[in-house]
Structures are given as structure tokens and as C-alpha cells.
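Just passing along the structure, written as C-alpha cells.
Letters are used for the chains, namely A, B, C, D, E and F, taken in the order the chains are written, and counting of residues starts over at 1 for each.
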Amino acid sequence: MPKRVLCFGELLLRLGAPHRELLLQSPQLAVHVGGAEANVAVALAAFGHATAVAGTVADNALGRHAAGELRRHGVDTSRLVHAPGRMGLYFLETGALQRPSEVLYDRADSAFARARAASYDWPALLDGIDLLHLSGVTPALGAESAQAAIDAARCARERGVTVVFDGNYRGKLWQAWNGDAPALLGELFACANVAFADHRDIAIVLGRAFDGDDADRRAADAAFAAFSGLHAVASTRRTQHSVDRHELSAQLFTRDARFHAPAVTLEAIVDRIGGGDAFAAGVLHGRLSGWNDADSLAFGLAAGCLKHSVPGDFLALDAARVQALVGEARYDVRR
Amino acid sequence: MPKRVLCFGELLLRLGAPHRELLLQSPQLAVHVGGAEANVAVALAAFGHATAVAGTVADNALGRHAAGELRRHGVDTSRLVHAPGRMGLYFLETGALQRPSEVLYDRADSAFARARAASYDWPALLDGIDLLHLSGVTPALGAESAQAAIDAARCARERGVTVVFDGNYRGKLWQAWNGDAPALLGELFACANVAFADHRDIAIVLGRAFDGDDADRRAADAAFAAFSGLHAVASTRRTQHSVDRHELSAQLFTRDARFHAPAVTLEAIVDRIGGGDAFAAGVLHGRLSGWNDADSLAFGLAAGCLKHSVPGDFLALDAARVQALVGEARYDVRR
Amino acid sequence: MPKRVLCFGELLLRLGAPHRELLLQSPQLAVHVGGAEANVAVALAAFGHATAVAGTVADNALGRHAAGELRRHGVDTSRLVHAPGRMGLYFLETGALQRPSEVLYDRADSAFARARAASYDWPALLDGIDLLHLSGVTPALGAESAQAAIDAARCARERGVTVVFDGNYRGKLWQAWNGDAPALLGELFACANVAFADHRDIAIVLGRAFDGDDADRRAADAAFAAFSGLHAVASTRRTQHSVDRHELSAQLFTRDARFHAPAVTLEAIVDRIGGGDAFAAGVLHGRLSGWNDADSLAFGLAAGCLKHSVPGDFLALDAARVQALVGEARYDVRR
Amino acid sequence: MPKRVLCFGELLLRLGAPHRELLLQSPQLAVHVGGAEANVAVALAAFGHATAVAGTVADNALGRHAAGELRRHGVDTSRLVHAPGRMGLYFLETGALQRPSEVLYDRADSAFARARAASYDWPALLDGIDLLHLSGVTPALGAESAQAAIDAARCARERGVTVVFDGNYRGKLWQAWNGDAPALLGELFACANVAFADHRDIAIVLGRAFDGDDADRRAADAAFAAFSGLHAVASTRRTQHSVDRHELSAQLFTRDARFHAPAVTLEAIVDRIGGGDAFAAGVLHGRLSGWNDADSLAFGLAAGCLKHSVPGDFLALDAARVQALVGEARYDVRR
Amino acid sequence: MPKRVLCFGELLLRLGAPHRELLLQSPQLAVHVGGAEANVAVALAAFGHATAVAGTVADNALGRHAAGELRRHGVDTSRLVHAPGRMGLYFLETGALQRPSEVLYDRADSAFARARAASYDWPALLDGIDLLHLSGVTPALGAESAQAAIDAARCARERGVTVVFDGNYRGKLWQAWNGDAPALLGELFACANVAFADHRDIAIVLGRAFDGDDADRRAADAAFAAFSGLHAVASTRRTQHSVDRHELSAQLFTRDARFHAPAVTLEAIVDRIGGGDAFAAGVLHGRLSGWNDADSLAFGLAAGCLKHSVPGDFLALDAARVQALVGEARYDVRR
Amino acid sequence: MPKRVLCFGELLLRLGAPHRELLLQSPQLAVHVGGAEANVAVALAAFGHATAVAGTVADNALGRHAAGELRRHGVDTSRLVHAPGRMGLYFLETGALQRPSEVLYDRADSAFARARAASYDWPALLDGIDLLHLSGVTPALGAESAQAAIDAARCARERGVTVVFDGNYRGKLWQAWNGDAPALLGELFACANVAFADHRDIAIVLGRAFDGDDADRRAADAAFAAFSGLHAVASTRRTQHSVDRHELSAQLFTRDARFHAPAVTLEAIVDRIGGGDAFAAGVLHGRLSGWNDADSLAFGLAAGCLKHSVPGDFLALDAARVQALVGEARYDVRR
């Protein structure tokens, strides 16, 4: 019987300059739908899981488009609320060579950011759900969003729903409203069963730094010590030789073991946005499928790498196409 | 010696669905720069006048693009301030047949709307300027914008700069902050030498309705009675047979005379946004050139009609191409 | 409590030349999803009804895209079967002036056409459904498709589900397999409560011609006499002055009354494909909403006309935008 | 046995602003191949005639593209010479409503214009040819081009090849080199069996004006009197209500008779460039097919009208699609 | 005196997702014409050889487009038959990084596949031809296609026309009709003078496997032993580091000698479809030009590599641009 | 107080094939504005300097577009003359892998090339200017252009304006009019304070070759010996592994010192046109800002490298984005 997943977070529209141009170098913008949690939802739906999103989105043509794109990819949007307010946007200038990509956020005062924490009926929203996915972007958007995320996580925890939390620390967003990131993120970690976080994410929550080669391992241990419900901590490591050429590896820690997926070279990257979300979705796919941690991690890294080959924020590839990359990859044309 | 013009108002980015599609029917947006006052500035610059803009625009790639497009069309942007805040946007779905075009404004909290009235040094901004152009959009954006517009108009009036005010009443914007439209617009009318306004615009300011065929004439007379500095009142009349086929005529009233430019049929309209601004620029071109009112009005209507044939908000055609439409128009290919 | 609609028919991909070009004049094709029944499903979903599709579609990226587009527009695709076989295609060269549009069908041997009648479990597919929509395209595709349509209609009739049948006679498809159109279509008319059909459609089934100005009325009467379950017969009338300028009126007959929606002029048509399907969806929207026949017909004609303003096969506009056209239409920009 | 046609003239590249934009309003240009004689060649090839072009074209990627496009449409380019020099270009801004289209020629010093008259071996080029087509553009390009055209026409006349001359008077080109248009065009008229010319074209050659409603008729009679080899004179008449809406009629005069094809209304014109060439090709198709003059003229007008519905300079439609417009036209979608 | 080449095989339309998108991620398809034999024909025509195609193609706008594109590139299509039936299509999703390209064939029941072997008059088709090119795709399409290929090869062999056979083994196509690949391919090998085949192609025909580093050499020897008319066997070797980065080397075997062209690194591949066909055309260009085997092979590898830099199936570059890559390549901008 | 820069040279329009296609492989061209001196002007304006251009440009829509694009990027075009004549064009086919980019110049007889040396009033044009930038392209265009460049340089030298000369040797242009490159370039070197030139540029002027690893150093020394006003000589060195992967280093020589900026690897190059101009602008930015030579050189190389990541001829990035590359570059997405 299939597991059911709920992802809670803000939907965003990406308005991007085409073809490696500077933003508005030519007068057109390519539109993609994104948002960390939506990206996870789409990938999990593509992998075959029954996936829904919760949240609030603008009650206008932009918000309806965003919801429609999720449905197109098989995500259930019936729990999504359309409410007055603007749509969160981000403008993207995709970099190349030594020119980094630039994101210009225009998401303040969105329908999601405006939504009251009390507007969400979590017992109803979580009804029948096996796994709740949240990220650190949501609490960073403001006090109400933070409270909503905490309410969701607590309600899930109480009902025995697996809670997955992806750190996704965004300093600028926290600074904008002077939010108490350590405390609020700590509440979410306290509810989480699985965390996607590296040592920097954990350092913020625990208020101490982790250095050296083994920093992620020691940070994970500290997190396990601090948060009794936490089973697993996973993250990627990225080495960037240029904007277009990276190496990506991954690791997953449990209370008992450590797993490593060795680095993959990513040359001529098409679009790296959403790579971390695809990784998270890949690891969750393994766990939802009852796979062992090593296989889940390997699938997660493959998914994360594949995302770099697809334009847009979503990895909408079925599980078989990801699985084909695990082990001995074949690069020939498939006819 | 050429006259110098300053236009004060908000720059906007239009993000439009291409090719008569519904908004986001396909995942791309065509970008144009607009704004009622910017549209006038571009047309006047194309007609050969020394034109500058004043105002505040976002200090980011979007705002820089907007300013750059004005410069491209010959408008002086050196008086424009780049300040923190977002760029005012509007999403456009261009209609067809019986489907009206839809504008989705996303301009709240823009750098322009946030700018303090006190941030503008009007004596400096108006230095060397012969004509100031303002529209009713600016006071509708909030108390600071309204004050800034009034400050500008008063300063201009005091310095003997001609003040041109384009009614451009936008009910939704006024309602959003419960602004006192009659009082604030009245202040601007009180400074204006030339007003682009029909009987509805005047009715709002004077607090009385004008009915019947001769409503515009009687409204203009009432405005002349109420505002002693007002020399001329002009407006267009539009009959819409469908979204794509209109008839456009124009009229200009002075204290002594009435001028009428007979209706032109506009079939297969390409883009009607900015038509009123092009009309205003056309009339002003005549006045700045020392033409009589009848010729100014004829040129204004020709400019307004021509705008319907050009994609985007701007009419960037030189005066000779507009003049060619006045009198006996020739539609053959020009080689 | 909302009524639930099931539409049974083939999904097609339209591959169209852009911008009034000849087919492959430039080397690109614009892709839209269509199919008479899918078009009705999308419009009804946009009008707010719970709408699902049944049928068989290719188990490949093309078929998944088609299903995804339906979901994007709010149509439930969970009853749709993905099966081996090709995707039905049609290539479209959109005409202009005196050059008619050309459709090049490439739908033979599609997964839908290959599907066995016995592969559909109609009691399950119709579970919870209030209205079944079918068209004359499906029986024209081959003996199995014809049997499937008849099975669906009979099962619906037995279960008290309203049966709507849209004539949509396609002579070339019937000739391709030498199908007995009168007999097979007659079976569907015999089950129908509502038929979208003009005198030519009815003539084929009843084996007699109807001439003169009143042909549609007399044909409807003959259909009422022949088919005791039939409540209503509706159709549009189209006068074509050129490829881009038509007049469209509509009529609806019941056993007791006749309703007429007067002709609307459609100038500068954007895309007429799917106009009849939008009309049908509009009439059904009125009936599902409990409106009287005159209002249903007026809404239907408005929907049919609006379709001509939207690129693609679908009319994905909410009911309020259609309703705004009924009575006194306003063509001004909506801000 | 099929007749063989040779068209002699310059190939041009059209670089056009897309979508009714002003030239370079957005930074892209759509490329089409054209040239009055090439347009005739492509249409005749599409109608099924064995058609070749003669002339000189740039020996670079642009010239090879132009030749390739002719081959794509079935024109024999084996008689075409590739020589050093630039490619003749024209930039096109397609108009709309009251804004006329603008052509910016950039054809000076092209490989064609540079070619020496002596570089053409007319007996060889005309070997096996039944009909030679020339236009008044070629002699207008310079003394060598003019001589080449005259050489071609005389050689054809001597060998019994039918000579067709299309007036196509271009004042600016003649002025650029101060060419003696009356004398040089007179030489070509003197060789012509069929002329596409109205009273203005003939007036230039004969040095006298023709006025009034019957000017074309009287001009044709004068031409018949002056040029003993001339059998037929044909032309179109165009009334332009706006840039997008014209009426087009046509007439053909022989020594004995006058034929008239009544006006067709062309609304929402897509592209009028090449309309006259399509008309000429249509009339020639009738004559090459052995039709009577009335039928040839009707087909010619239908071809000329159809050209207005197709983007680009060419009318590449088969004869059946043109013939379908003669008599009772049908505008419905052809499936 | 130039050699004349005939290529016999199916023309296909490629409908491809643009810009590394997933298939139908955005609603447009870029169209290219291809087909193994057509690719060879276009490259040879670009290299300056008199090249024609034989075969059958759909008698509709799609088939006419395919033929037109060949003519555009200088290929003689007068031997091509247009017949009822559909156009063979393939949908292409071009991969990136670790995501392989995916081809979705939709070519069943095409006009080519339907054509009877007896419909081809080989003595006429081969009249004046010096070299016949065939590939293993054609016999894989069905019994009639296989017979047609064998008829062509035998007729060519009898008439002293050089027969070139490119293995191009496509297992799925053979399985679809349960064709006897070894026997039918063996018939073609038996007629071939030159084969493009590696050890896997030869293994299928000879029914024995070749392993190890020297497999291609031993397979070629076995082929020479089995087929007395065979003079040369050539193939490429491709090492794929990712979807975008390959190394390509080539080898050519004669009865007496072995030639090797060392590996070239291909980074940031634009389009690899048709690389093998470009290699074959390059080798044939050398042979048709009377070059020695080493030079022919080097030119072939350069052509094969260059194909990876050009979008679409064709390598339409003149021989000088290929030759510039042989020996010391220069990568600077050529002005 | 900001330094003011004047760049004198020809504006060009680039008409480029999109997406690595061959020229006119699909029928569209992407338009960019360029020209060696304009490229420097735009980069310096983006870096914050008051920059103007001098020269002559076509008095038509193409020339106005070019000037408008400069204004858009903040360059003062008030010193630019619009005069009759054609616009200089170049067609660009951007290469890939082993296929070099191809430039097809079509700039002969442009308004710039036609302009008389006497038409420039250098004292007026240089009024208030601190730095004059010229390149070796201008004297290569013809005797008048050469004289104009020399006049400009001499006038600047006399007035104490810093003269910067970029070698940019174009052999084909000099050959076209048999110009005396050594003499004319020598005049410009004689006026220059800063030269962008490698040993080949200097060799032409001095009439002697420089070989070996240290050729640039010895050539610079020779230039210092020959030209007493010369302070600095800078150049880049490029190693090309393929069309898409280069290494770029730079060096700057003064009379006393030598500076080297180590090689940067440029993979997956987007557009290399204008790379040398961006380097020059970067070095000049440092000097205009009062930086030392090492820092100026490092900034120059960073600017030159960044240009390879941006489509088009211009590097329109602010100085902070360039500076971010100097020292430890960060490639992560900037949010």
C-alpha cells in the first residue's frame, strides 16, 4: 500500500533570463514553478508516490498556474488554499563559466507569507498522511509562517506521521524580520525524524560550530544527542570548479552508521536550481520504498545529479530513469 | 530653442503573455517597460523634445532595465533615483474578439510607492524645465506619492513651468488606501495649465456629474470656472465594437473654442496599452512646437491611433511618421 | 452538491505551424492537447464542475503529457488507461483570409483506437458519475471504439446517468473502415438525453434529409419522435465571410420549445478549433447549474465565441469570464 | 509536355521584425528569401511547372541559403552563378492599422548588381526554355543589369521564347544612378509578349500620362500600338482601407478583349509582400496551361489574394489550393 | 568527372524538445529531417558530389517538407516517390550530463514501410549511378523493405555500381516483425564493397562473437573471408564519459592493411545524432575523390566529430571546413 | 571627480545564428550591437565611468538602434553623427567543439567608412575628455578613417588627453584598400600612452619579428624604445583546446616592470566575441580608478574572462561583479 506524502511550503514562480543571458538582456522571461517543498513533491510524485501539497497561494492567474503545474506532474493540490495576496516571485539570471547565477527574490508580502498560522487545520490536512516534508525556508518567512511550520510538525509528530525537515538556511530572509532562527529551527529539528542538513545548518540550531573534515559527522552526532526523535541526517557536498562544472557527493548518517555516495562530476550543468530538493526526494523515495540507507543515498545522489541536467526547478523523471544512473551508468542514446 | 520636459511618475515592467495566449498558457512572458508618464516621455523624446523623467525606481536589475529602456529611447534618466524596494510589475493578458485584456497589477510596496515626498528636491529637479507632466496614477498610489505630485505641481506653478495633468483615474488604487481622490486630484487640477480629462475625471474632482452628449464640453467649462490657471482640456472618445476593433475620436476645449478630431476606425488592434498617453504626447508635441490647437489635436489623435499598431507601452516613432497620418493617410509599403 | 461528469474519447496532440505559417514553413511546431471530449472536460472543469476523462492513451511521454495537461486544467485522469500504442496526432496549418486551415490527421493505430471494447469496466468507470459525454468521433474510429461508446452509453442509461452525445460526424474516418455510421450512431442517439446535432447529423442517423430554413427544427422533431429519451437538441450555425471572420449563432430545441441565441460577429479569429466543444460545454454548464434552457444556450454561445479568441483546443476560462459576455459585453481592459 | 520557365533577377534576403514590432524593437530578425523574379519562380514551381532561375548571387553562406530555399521549393538553381560580392538585403518593418510597412533596402553593390552583362551566356541559359520572366527591378539596378536584362529579352525574342515583363517601377533605384528608365524599359517592352503593367508603368515608357477611370485600358491600347509583339497586359488594382484591409481586383487586356476579375476583400492581411508576383505567376500558370484569358486572370487574382495570407515573399501553394478559391470559396477547416 | 551517388532509405522527421528540456516540457517541438541514408546524402552533396536519394515518402505536407530539405542541401529528389501513408517520425529528448538522450520512434506503417519491393525499378533508379549507399535500418523495417534493399544491392552489384552498406543494427525494429536479421543482412553484406560495421554488426551476420581488444580487426577479417566482394570495413569507437563528453576514434580495415585515426575529445556536444552517418560520408568522400585509405579515414573521423557540433541530423558543411580539422586544427574565429 | 572617456570607432550590428546553428540553418538572426570601441565604451560605462562615443553611424533605423543600445548601457551618444550610408553588419555563426566560429563581414561602404576625416571637429569632440580610446580597426577601414584616427590621436595628445590604442590588427581589411598599415599604425602608436598589443601587433609597426617565449616582453621594450610617450603595453594570451574551452592569461609591461595574471580556464564558453575589448576596459578601469598595475591587470583579466560567459559583444556588468572574480572566486548561486 503506497505511502502518502504531504509537503508544506511556499510555491514560487521563477522568471528567468533565457540562454545564459543577463537578466532582461533580451525582453523575455522563461517561467518555471518552484519552491523547495514543491520540488520535493513533484519528484516524489514522479517516482510514483501519492503526494500532496499544503500551503497558501495567490488567488489569481499566477497562483492558479503554479497549482496547475503541480497537478500536471501528478501532485494533489486539493489541500492548497488560494487566498488574496501576491504571488511569490524570483527572477533568475543563470550564470556561466566564472559568472555566478543571481537570484533576485520578490516574494515579500506573498499570499503564503500573509497566511495566518491559525488558518491551517493540521489534523485535517494530515489526515491519511504518512510523511510530512518541511523546509527551513518556511519559518524564515515570518512569525506566522514559522508558527505554521511548527504547528504542522508538532501535529504530525503527535499523530505518528514521519517528519522530514530540510535545513535550507536562508540568512537574508531571517534578517529581514529579525527572526530567532536558532529557536524556531530548533523546534522543527525537535520534531524531525529525518533531517537534510549539513554541519552549518546544525551549527545554527545548536549554537556551536563544527570544523574539520569530519564536521558533518560530528554535527550529526550532536544533533542525534540533542533531538531524540531524529533517525537520520543526510546532506550533499558540492565542489565547484566553475559555475558549470561541479562535483557532487552525498552522505547519510544514522545513530549507528555512516553512508557515503562518492562524488560525481557534473560538467556543462544545465540548471542546478532544485538539486538539493531532488536529492532529498531521492533519499525519501528509497526510505518510502523500504530500501536500506545505502541504496536510498545512492538513489538520492543520482536524483540530485540528474536535476542538473533538466531546465527548471523540478525533477520530473520516473524512478527507472534515476535508477539507471545508479551503478554502471550508460550514456548512449536510448532508442 | 527646444523646450524641455519633465515627466514624474512610476516606471513599471509589463510581463505579458505572448500571441494572444492566456496568462502563462505557455511558460514565457514578454517584457515591456511602461508607466503613463514614461510613455509620454518616450513619445515626446521620439518627437524630438528634450525629455527627462523624475521619480524613484528599484535599485536592482529590473529597475536598471527600466531606466535603460528609457535612455535607449532618448529620455534623460539622470534625475531618476534608484532606491531599495521592489519594482512595480503588471502582468498582461492581451485579449481578442470578445475576450477583454486583463491586467494583474503587482505594484504594491514598490520603490516608487515607498519613496517619501520629502525625498524629491523639486527646485533642483525642475531646473531648466519648461513643462512638467504628471498623471492621476501617482497620487493614487498613497499619501507620500500624492504629496510628491502636489509638491511637484506647486513648485512648477510657482516657477512658471507649464503643468500638464492627465486624469487617469484608477478607482482600485484609491480604494486600496482610502485616499481622498477629489481633494488630492483637485490640488493637481488647481496647478494644471493643460488637463487630459473627460467628464468623468472632472466629475470626481468637482463632485458633480455631467451627462448627455455634451458632457465633456460642460465638464470642461466647469473645470475652467473652478481652476483659473487651466487653459485647455483634451480627451479621446473610444467606441469599442470588439476587443480588436475600436473607433477613436478626440476633442480639445479651451476657454474660447472647441476642437474635434473625427473618429478613426482601428481594426485588428495590435496593442492598445498606452494609447491615451500617446494621444497626450501628440497634443503636447503640437503645443511645444507652437502649433494651433486644431493641428495639435489632429496630431494627438494620429499619435494615439498609431500606438494601437505597435506592441508594448511606448510609441517610439518620429514625428514625421505620425504627421504622415494627418490629412490624407497613405497605407502603401514605404520603400 | 456538485454534479460529476465523465467524458469518454480520444486524446490527441495537435502539432501546429506557428504564426499563420504554412506547415513546416519554419522548422517548429507548437503543441496543444485536444480531442472533442477532452475539450469539453477542460471547459467544464474550468467552469467549476468535477470532471473526469475515461479512455486509453499511449503509455509514453506523449500520452503522459496529454494526461498531464488535463490534470493541469483540473480534470481527473485517474480513470484514464495508459497502454502500448502510438499517440494520436494531428498536424494543423492555421489559415488566414481566403486560405482555409488544414488538418492532417495522423491518428491511425493509436492506443485509443487499438483498445478493446471489453477493456473498459463501465460500471466502475461510471461509479458516482452524473453525466456522461460522448461524441461521434469515437464510434468513427473502428468497431472496437464504436462498441466501447455504445457500451458506455447503455451502461450510463441503465444507471440513470445523463447521456450527452455530440454528433461530430467525420465522414473520412467512417469510410476508412467502412463502418455502418447510421446504425452505430443510432445506438448512441437512442441512449442520449441531450444531443449536440444539426440537421445533417440527424439526417445520417434517420436516413432522411431535412431541407430549408427550418431544417434543424424539423430534424430535431424527427429525432424526438425516433428517440424517446432525448430531451434536448442543440447546435450552432456558422456563416463564414472569410477564414478569419465568421458569424456564430445557436439554437436549442426541446420537445416543447425552441430557443435561439442571435449571431455574434467574430472578427480576427485567433483559433476556431474546439469552438463547438466549448459551445457544448457551455450549454452543459447551464444545465448542470440548473439554469433554464435560454440561459444555458446564451452561456453556451458565449463560451463557443470566446473559444475563438484563445490559442489551442481548450477553453480554460472560468465561468465568470464567460458570463461577462452574456447580455451587455464590455471590451475594455480589465484592471 | 511541360513548359519550361526561366526567371532572371536578383535574389534578396528579407530581414524582418517579428510580430508587427518596429524594426529591432526586440533583438531578432526573421529571414525570408525574396526578389520579384524569384517569387514568380517559386509560385510557378509550386503550380507544377519546370522553373529555373538565372542571375548572380553572393558566393557566401547568405547566397547559398537563398539558392537553397529556391531548390527547397522545387526551382532549378543550376543556372545561377555564385560570385564575389555582398548579398542584397532588405530590412522590413511590417505595419499595422494606419502604420505603413517600411522597407529599408541594403542592396547596393550586391554580387548581382556587380555582375557584368557580358557574364551571361543567354543562348545557353535559354536553351530549352519556353518562357522568360523579367521585371523592371533588374534594369533599375544599374547599367550592367539593364544591359543584361535587355540582352536576355532580345535573345529570348530571337529564339521564339515567350517574354514576360513585369513593370515593377522603382523610382528610387533609377534615381540612384540616373538611369534612363523610359529608354531602357522601352527596350524590354519592345521584346515582351506579356506585360504586367498598369497605366503608370506604361506612362513612364511612352512618356505620356493616362488619366481617368479607363486609364489602364487606354494605356494598354497605347502599349499595343507601340509594341507590336505585345499580346496581353495585366495588372491588379488595390484599394487600401488600412494597412491590414485592402480590396484587390485585376484586369487583363488583349488586343481584342478586356477581362476583369472583381474585387476581393482582404481583411487581417498577414503579409502583402509578393502579392503582385503571385498574381503574375497565377496568370502565367493559366497561360502555360493553355487556359483562356478569363480563367487565367481569375486564377491570377486568387493567387495574388492568397499570397496575403502567407508569411514571407513566396506563395508556395499547389495549384489546387489556389483553384479552390476560384468560383465559390469554402473557408471551413479542411480535414 | 564527378561520381554519382544514390542513397536508398527512409526519410524521417525528427520532432525534438528544445534546449535540453524534457520532451514536451514546454509546448514546442523543433523539426529536423533525418534518416541514416539521407544524412549520408546531404553530407556527400555538401562535399560536392552529385547525390540523389531513392525511396518512398508520404504524399503530404510532411513528406514534401522532407524532400524539400534534401533539395535545399543539393540532393536530387527526382527519384523519390511520394505515396499514400504516413510520415515516419521520431521524437527526441536530447540528454545532458548523466541523462541519456531518448528517442521515441513513431515510424510504423509509414509510406516507406508500406512500399512494395516491386514498386522500385532498380535498373532505372541506378541508371548513371556510381555508388549505392544502403543501411541496415531499411531491411529491419519489414519484409518488403528488406527485399527492396536486397534488390537494390543485387542490381547495383550486377551493374558494377559500388555498393556501400552501413550496418546500423536496430534490434527493436527486427523484433517487431520477427525478421531474420542474419540472413537478410548477410545478403546485403554479400553485395557490399564497403561496409561500415564493427564487430557486433559482423557477429550478427556471421553468427559468431568477436571479443577482446582486437575484436573489430578479427571481425573484419572474418567478413573478408565470408564476403568476397568486400574491400573495406570501417567503424568508429566511442568512449562516453558523460552524455556531453565523448572520445571518438575510427578505424578502417582492408584485406591488406589497417588504418587508425586517433581519438578526438568531444566536449560540450551539441548534437550527436547522425555522427556515424557523417563519418561514413566522410570516408566515402575520400574514396570518391580517389584518396588513399588513411586520408579518407582521417577525413571521415573529422566529419563525424564535426557533426557533434551542429544541431540536427545533417552535416551540411563543405569539404574545406572538414579538411581544416585534419592535421593541425585551428579553433580561432574565422573572419 | 570622475574621469571622462571618449571611444572613437565604428558601430556594427551583429546578425547571429542562434543556438550553435549554422548560419541561416533556421530562418532567424539574433541581433547584437558591437564594435571594438563601442564594446570598451559599454564596459567602462557599466564600471561607472562617464563614457561617450564619437563616430558616424547610419541615419536609419539600424543606426538609431545601435546608438540606442549604447545609451541603454549608459554611454553618451550625443557626439555621434548620423549620416547617410549603410550600417556596417557582420553575420556570425558561433562554433562549437572543433567547428570554429565564422564571421562574415558586410561592412564595406558603411556610413562610418564613408565619413570624411575632415567631418570630425576633434577639439570640440575631445572637450572635457580625459582619455581617448581608439583601435586598429578604424585605420584599417580606409584612408579617411585612418586619417580621422590619426587626427583624433594627435589632437588628444596635444591637449594632454591620455591616448589608448588597441592594436586589433585586421589583415583582410588593410588588404582590401592596400593601406600602409605599418606607417598608419605607427602614427597611432606614436601618440599612444597605453597600448593593447602583443608582439605580432608591434612587429607590424616596427617591421621586425619577435620570437620565443619572451617575445611579448621584447616587443614591448622595442615599442617603449620607439615611442617615447608610451607608458604601458598589455595583452592577453589565449590557448585554445577546442572552440569551447580556452585558457586565458594576461600580461602588462611598463618601462620598469612586468605584471602577469595567471591563466584562467574557460570551459563551455558562451560567447568570446569582445573578450579582448572587455580586457582592455578592465585594465583601463583600474588605471582610471588610480589602482596599481597589478590590480588593474587582474581586474582586466577577470573582465576579459567574464565576457566569455555573456551572449553578445558587450560586457555590461558592474565593477563589483567583476571584482568578485579577482582573488578567490565564488561560484555559488547568489541569492
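As a working rule, contacts are C-beta pairs under 8 Å (C-beta built on N, C-alpha and C of every residue); 3 or more make two chains touch, one makes a residue touch a chain.
Protein identities per chain, from UniProt: A, B, C, D, E, F = Sugar kinase.
If you're wondering where the values come from, they're calculated on a predicted model, not measured in any experiment.
Colleague: Touching both chain A (Sugar kinase) and chain B (Sugar kinase): give me those chains, sorted by label.
Modeller: Per touch definition, common to chain A (Sugar kinase) and chain B (Sugar kinase): C, D, E, F.
Colleague: Once the contact rule is applied, which chains count as partners of both chain B (Sugar kinase) and chain D (Sugar kinase)?
Modeller: The common neighbours are A, C, E, F.
Colleague: If I rank A-D and B-C by number of C-beta contact pairs, which comes first?
Modeller: More C-beta contacts join the chains of B-C.
Colleague: In terms of contact pairs by residue number, which of B-D, D-F or B-E shares over half with A-B?
Modeller: The same interface as A-B is formed by D-F.
Colleague: With chain centres defined as mean CA positions, report which chain is farthest from chain E (Sugar kinase).
Modeller: The chain lying farthest from chain E (Sugar kinase) is B.
Colleague: Return the chain whose centre of C-alpha atoms lies at maximal distance from the corresponding centre of chain A (Sugar kinase).
Modeller: Taking each chain's C-alpha mean as its centre, the farthest from chain A (Sugar kinase) is D.
Colleague: Any idea how many Å lie between the Cα centroids of chain E (Sugar kinase) and chain F (Sugar kinase)?
Modeller: Here chain E (Sugar kinase) and chain F (Sugar kinase) have centroids separated by 45 Å.
Colleague: Just curious, how far off is chain F (Sugar kinase) from chain C (Sugar kinase) if you go by their C-alpha centres, in Å?
Modeller: Roughly 62 Å separates the two chain centres.
Colleague: For chain B (Sugar kinase), write out the residues touching at least two other chains, lowest number first.
Modeller: Residues 19, 22, 27-28, 102, 267-268 of chain B (Sugar kinase) each touch two or more of the other chains.
Colleague: Chain adjacency by touch: line, ring, star, complete or other shape?
Modeller: complete
Colleague: Which residues of chain B (Sugar kinase) touch chain C (Sugar kinase) once you look at their complex with the stated criterion?
Modeller: So the residues of chain B (Sugar kinase) in touch with chain C (Sugar kinase) come to 19-22, 25, 95-103, 105, 170, 172, 240-245, 267-268, 272-273.
Colleague: Tell me, which parts of chain D (Sugar kinase) touch chain E (Sugar kinase) in their complex?
Modeller: 68-69, 71-74
Colleague: Can you tell me which positions in chain D (Sugar kinase) touch chain F (Sugar kinase) when the two form their complex?
Modeller: 15, 22-24, 27-32, 60-62, 65, 86-87, 89, 91, 93, 102, 104, 106, 108-109
Colleague: Considering the complex alone, what residue numbers of chain D (Sugar kinase) touch chain C (Sugar kinase)?
Modeller: 19, 264-270, 302, 305-306, 308-312, 316-317, 321, 324-325, 329-335
Colleague: What residues of chain E (Sugar kinase) sit close enough to touch chain B (Sugar kinase) in their complex?
Modeller: Interface residues on the chain E (Sugar kinase) side: 26-28.
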